[in-house]
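In this document, chain identifiers A, B and C correspond to the written order of the chains, with residue numbering beginning at 1 in each.
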Amino acid sequence: MLANLINGISLGSVYAIIALGYTMVYGIAKMLNFAHGDVIMVGGYVAFCSISYLGWPPILAVLASVVVCTILGIVIEGLAYKPLRNATSLAVLITAIGVSYFLQNAALLIWTSNTKVFPNVFANLPAIQLGGTQIAPVTVITVLANIVIMIALTLFTSRTKMGKAMRAVSEDKGAATLMGINVNRTISMTFAIGSGLAAIAGVLLCSAYPTLMPTTGAMPGIKAFTAAVFGGIGSIPGAMLGGVLLGVIEIFGKAYVSTQLSDAIVFAVLIIVLLVKPTGLLGHKIREKV
Amino acid sequence: MKKKLVTLVLAATMGVGLMAGCTDATADVPATTGTSDGSEGTADAGTTDAGSTDAGTTDAGSTDAGAEEQPSTGGKLTGTLNLGMIGPLTGGAAIYGNAVKNGEQIAVDEINAISSDFQIAYNPQDDEHDAEKSVNAYNNLKDWNVQVIAGTVTTTPCVAVSAEANADGVFMLTPSASSPDVVNGKDNMFQVCFTDPNQGLASAQYIVDNSMATKVAIIYNNSDAYSTGIYQTFNSKAGELGLEVVSTTTFTDDTANDFSVQLGEAQSAGADLIFLPIYYQPASLILQQANNMGYTPKFFGVDGMDGILTMEGFDTTLAEGVILLTPFSADATDDLTKNFVSKYNSNYGETPNQFAADGYDCPYAIYRALEYYADKNGDLDVTGKGADEICKILISVFTDPNFSYDGVTGSDMVWTKNGEVNKAPKAVVIKDGVYVGL
Amino acid sequence: MELFKKIKKHTKISFLNYGIVIAFYFIIQVVAMSGHLTNSLKGQLIPIVSYVIMALALNLVVGISGELSLGHAGFMSVGAFSGVVVSMSLADSIPGTGLRLLCAILVGALLAGIAGVIIGIPVLRLNGDYLAIVTLAFGEIIKNVLNCLYVGVDGAGIHMSFKDTASLNLAADGKILINGPMGATGVTKLSTFMAGTILLIVVLVIIQNLVNSRTGLAIMAIRDNRIAAEASGVPVTKHKLIAFVTSAAIAGAAGALYALNYSTIAPKKFDFNTSILVLVFVVLGGIGNMTGSIIAAALLTILPELLRKFADYRMLIYAIVLIIVMIATNNEKVRAFVNGIKKKSKKEGAKDE
């Protein structure tokens, strides 16, 4: 029971850290960025190359990965999403899918389809013993990273000028423009932050489950999107809660019901939660305008 | 589930007859199961050389005892053969398709270098591991006037394409589509790899014969045809042999990250051996997570496990003591394997896995078969010959008990009438990061 | 007069759509007869028709009803597998392939429609992205369950299991119809281009009549302003459900047509990516625009095949084309340009009259 709970949290914390990036972009730009999972994959590859080929220390590799992904995020946003600022949200969604295909196939050409094994960057850290169960260092780091990022993002959006501008844009683009906020720059900034988070998520995902392929980000991306909706999409604490709960449900479903149907169980729980609470666990109730 | 029940009830009430002419039951175990104890040791291909077709010396698995060898006519093989390949070159299964493509490319280059009289035009097409795209790729190859297909790589697309090719009379030799559904009922379809049931049977037999374990746990991928196929025959054979299966757990392609529950269940059930009929990427995660848990059962894999040692960055100490049945070992010291591995390394910068090796054997087997035919029946010019004509020739050679082929994935390979290959699986154990024959 | 004009416009569009489908059919027949039809295109005809039908079905939900569904491949797979089971079970009792295909498509549509009711009732309580994620969830559940589903038949009838083939306890003469992740193998191919075209026209008749009927107007009223529609006495859930279930049933029919074009069909085919692919057709063709869906689905199905000569770069180019087309169709300048051409040709047409 305790072991399963810990395993669930360690799986869930990986979903949570991806979900944070998802929810950040959704909350402000109001778009489902399906390419987020693939930015994570790029982050993983950049860190892998920095450590394995260039021999950089892990900290430097994470920084390199964050820098590359942030730039990538800005470039993607500028080339693919910016021209669609006034288009329907579905048009942007399809473009995001196009970007996702592009990143996967570009990665296939650059890094080939051969699976790479991500180096164990936390090898020197000891595992923690808790009631006879081991907690892997990567789990501890991921949970800590989640908490730090969650607090930082919350502070950023509520205290800083840029963060306030972001919230204003998310509430009402038109009114924000009238208030002198540069909407385009604010949204680009959101993507930069979201992609930087994706890089960190990529390193942590690959540290926890170290097989790296061009499709590595796809499934965790969908799961994290599910987690973000579960917690109430747009809500930063919601993303973390949703991610952790999703991981715990997945592990408990496997352990106590059936390993064969674990996906079905996760999604069934999601459906039930959304039926009871239609905007997710911590989502704001949308007021309807008449 | 309700809906499915309704489906069935409805279908039933609509007047269910007995099935005929539709499918062959997939659980049918082929008559020729090959040698089920894999204790023959590795790398027994010692001295074989790509240039020899010792047709006269083989009788392994031959069913037609009365078949007499025809005398040689000294006929020559000439012309250009249009050889197509279909496999996943992009998408989630790209690793298998690209490995096969690279292996086949090396073989094609080598064959083309032998003599300018006979050349192979090689055309690989992507199917994204999807039956629809695979049939599209096949039709595309038909427009290119394909004569023989060395593919397709993955099982479900192969079942779809082989049905089309069967209707058109195009010869297919798949390197790696291992389900019996691939060849069942299709005379044009042959395999270079073992079938899934064969591997399941051989694995169970091997574990019992060598009394490796009393309690066995199985972890398999229930969204994958290959994995499920091996699991099913392993499970029934284990029951037959009195091998106790204490835990059976699964994962899917979508949940192939975390195996803590599966390993935990195996551990608490007291399993001393875990059977892993899965590919090497999830297997590497299982090994790592078991290691983190401090759980050290024996691990037993099948041919999908090959490739684990050559994954870039993999800590090979995790795989210490893992036993697997595989037709190919990149460490084998015979000339054939050494030549192939070094060429693969210099061309693609990687060590070839079993898919690449199966791919390498495909063009060669076809080439040897055509050569064999020319030798027995007089000069053969393949240029412009219809695919159906080539198909008939190749079927006659592949089902000829006197024809055998020596490749990197086995020597003295012969084929059954049904299209399955007859070769002995080799059991190897991983010691100090290399395969050691058992 | 005003009303007359409006009806005429609808009818015009409807007939344009029938015209496109029938013209496509005859062009293909003529090209085939002259011997210029490539195997590549010939092999894609039925998938094209299936995807066009899928795109129309999804457009009914996304365009007309205004709800984003990310799980439509789930309905397609319900139709596909029930269609295959029906076709294989009836192989002896109905020897005629056309009739058997009809049975398979009808049962496929019926069961997908039932799935649509079961899923639609809870789903349609939700809005926007939450609705989208729940449809995604149902799509994944259907895939996961089908991956574990084993169905066999013997003298005693149909057996099913969620474990493995051994637990089906089939008699010696038994035969496995659906084999978990292997899906169904050895399916007899029944679908023909002609049958597909007929189905497509039937689907068009159903959708266009629905859209232009009072019910259709009510559905669009709900899409445009739910509260106003509700206040005017339009039963919201009922109308949303009509659109959703019709769409699900049509998707099921498309699934049966698709599945019976191949000798094997696996649950993996109908995953999230397929749902997304169909959504791409709908959005690219123009949300709510049936003509657009038909053209986009056909073109985008052929495109990856046309790109085969680029070998390794094929899917990369496909992705770039997708992004560029998306940006171009939403660019105001391009739109203004297209509209200009449209107006011009209309004016010229008027002059000719």
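We take it that contacts are C-beta pairs under 8 Å (C-beta built on N, C-alpha and C of every residue); 3 or more make two chains touch, one makes a residue touch a chain.
Computed from a predicted structure; not experimentally measured.
Distance from subunit A peaks, on a Cα-centroid basis, for B. Chains B-C form the pair with the most C-beta pairs in contact. We define each chain's centre as the mean of its Cα atoms; on that basis subunit A and subunit C are separated by 32 Å.
Centre-to-centre separation between subunit A and subunit B, using Cα means, comes to 38 Å. The distance from the centre of subunit B to the centre of subunit C, each centre being the mean of the chain's C-alpha atoms, comes to 36 Å.
In subunit B, the positions touching at least two other chains are 90-91, 222, 252-254.
The residues of subunit C that reach two or more other chains are 140, 144-145, 147-148, 162, 312, 315, listed in rising order. Multi-chain contact residues of subunit A, defined as those touching 2 or more other chains: 105, 260, 263.
Of all residues in subunit A, only 3-4, 7, 10-11, 48, 52, 105, 108, 112-120, 127, 134, 136, 208-211, 213-215, 218-220, 223, 250-251, 254-255, 259-260, 262-263 touch subunit B in the complex they form.
Residue ranges of subunit A in contact with subunit C, taken from their complex: 32, 34, 80, 83-84, 86-88, 90-91, 93-95, 97-99, 101-102, 105-106, 109, 222, 225-226, 229, 233, 260-261, 263-264, 267-268, 270-271, 274-275, 278-280, 286, 288, 290.
Contact residues of subunit C toward subunit A in the complex are 62, 68, 122, 125-127, 129-130, 133-134, 136-138, 140-141, 143-145, 147-148, 162-163, 227, 272, 276, 279-280, 283-284, 287, 312-313, 315-316, 318-320, 322-323, 326-327, 329-332.
Residues 1-8, 10-12, 14-27, 89-91, 125-126, 128, 130-133, 135-140, 142-143, 155-156, 159-160, 163-164, 179, 181, 184-185, 221-225, 227-229, 231-232, 235-236, 252-254 of subunit B are the ones that touch subunit C when the two sit in their complex. Remark: subunit B residues 90-92, 94-95, 97-98, 222, 249-255, 257-258, 260-262, 264-265, 280-282, 284-285, 288, 292-294, 311-315, 350 touch subunit A in the complex.
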